[in-house]
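I have placed the structure first, in the form of structure tokens, so that the comments after it can refer back to it.
Chains here go by letter, A, B and C, matching the order in which they are written, and residues are numbered from 1 within each.
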Amino acid sequence: MANVVIQINKSGADYDRRVMRNIMNLKNQLGDDLVQCEVVVFGEGMDLLQTQDEMIKEQIDALVESGIEFIACSNTLSKHNVTQEELVCSVGSAGSGVAHLVTRQTEGWAYLAL
Amino acid sequence: MANVVIQINKSGADYDRRVMRNIMNLKNQLGDDLVQCEVVVFGEGMDLLQTQDEMIKEQIDALVESGIEFIACSNTLSKHNVTQEELVCSVGSAGSGVAHLVTRQTEGWAYLAL
Amino acid sequence: MANVVIQINKSGADYDRRVMRNIMNLKNQLGDDLVQCEVVVFGEGMDLLQTQDEMIKEQIDALVESGIEFIACSNTLSKHNVTQEELVCSVGSAGSGVAHLVTRQTEGWAYLAL
């Protein structure tokens, strides 16, 4: 059984495709053993949640549908002048993305920096 | 005493040299306190295990000789059409590299994203 | 309550600004819940501790003032022919930066790879 928090803080078409593949593979491999999985998006990573790429959008939708939660860093949204409504999926919110990654680890969650 | 799982998922000659130095320094510093160390290779990181650089090959051999295990992500091998036999050292195998990194953390291993 | 060890091993003006913002946000968000925080600098990351950017220098000073400790990898200093006295702040020292990151995790600290 695993709870996992994933850091998404870089950008680029290749990066986006790679991290989506990583997360889908994680989900497929662990199956029901993946109890909770939060994808924490901050800094440049926010580009993923504003993608124009239809395939990536569908993958994000499928992950959300399967129970994976995307969490947007409020500090980044504010700095980039972006609102949650402008993102490609509905997201949870954390004041500071990095603080959320730390808090989850203190709660025993595994951590991935992608 | 430490068990460590290391993520290798980027590529480039500089990156390869740097991560080999990091792993050799880790091994030298911790000595026998480094009980188990697995280097999990996936995505672009697979270039390391197909390197043509003789110095890197020798460093990989020395690390394997010293008890460090390299683990190749099956999803990446399959996507890149590469077989384990084409890699520069004998490797363990994980269905999904990221899932393996998560599983080891749930078992109490430390994690390094290099 | 959280103890956190942060990996700084890349370089570039954008990277430096980003990681400083990340660490300041972490500190602001967690407040007194952030018990100990060590920023472990190695490899290319050592550029941060030799920055010429006055704003970054002030941010480093403010973080040190607030109780966050910067730790320089001795292997990197030696490889780059740099002494602790040439760095922009007073730092702690670790033989191997990666080994220190591992040791802290075995002591229950959270880990961030920035």
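To be clear about the criterion, a residue touches a chain if its C-beta (ideal position, glycine included) is under 8 Å from a C-beta of that chain, and two chains touch if they have at least 3 such contacts.
This structure is a prediction, so every number in the text was calculated from the model and none was measured.
S.K.: Would you mind naming the chains that touch chain B and likewise touch chain C?
M.R.: Output, common partners of chain B and chain C: A.
S.K.: Copies chain A, chain C: same or different interface, half of numbers shared as the threshold?
M.R.: Homomeric contact, different residues on each side for the most part.
S.K.: Could you work out the angle of the rotation that brings the CA atoms of chain A onto the matching CA atoms of chain B, rounded to the nearest 5 degrees?
M.R.: 120
S.K.: If you average the Cα atoms of chain A and of chain C to get two centres, how far apart are those centres in Å?
M.R.: Chain centroid spacing, chain A to chain C, equals 25 Å.
S.K.: Which positions in chain C are in touch with at least two other chains?
M.R.: 111, 113, in rising order.
S.K.: Under the touch definition given earlier, write down the residues of chain C that touch chain A in their complex.
M.R.: Interface residues on the chain C side: 1-2, 4, 18, 21-23, 25-26, 28-30, 34, 110-114.
S.K.: Quick one: which bits of chain A touch chain C in the complex? Just the residue numbers, please.
M.R.: Residues in contact with chain C: 7, 9, 42-44, 75, 95-99, 101-103, 105-106, 111, 113.
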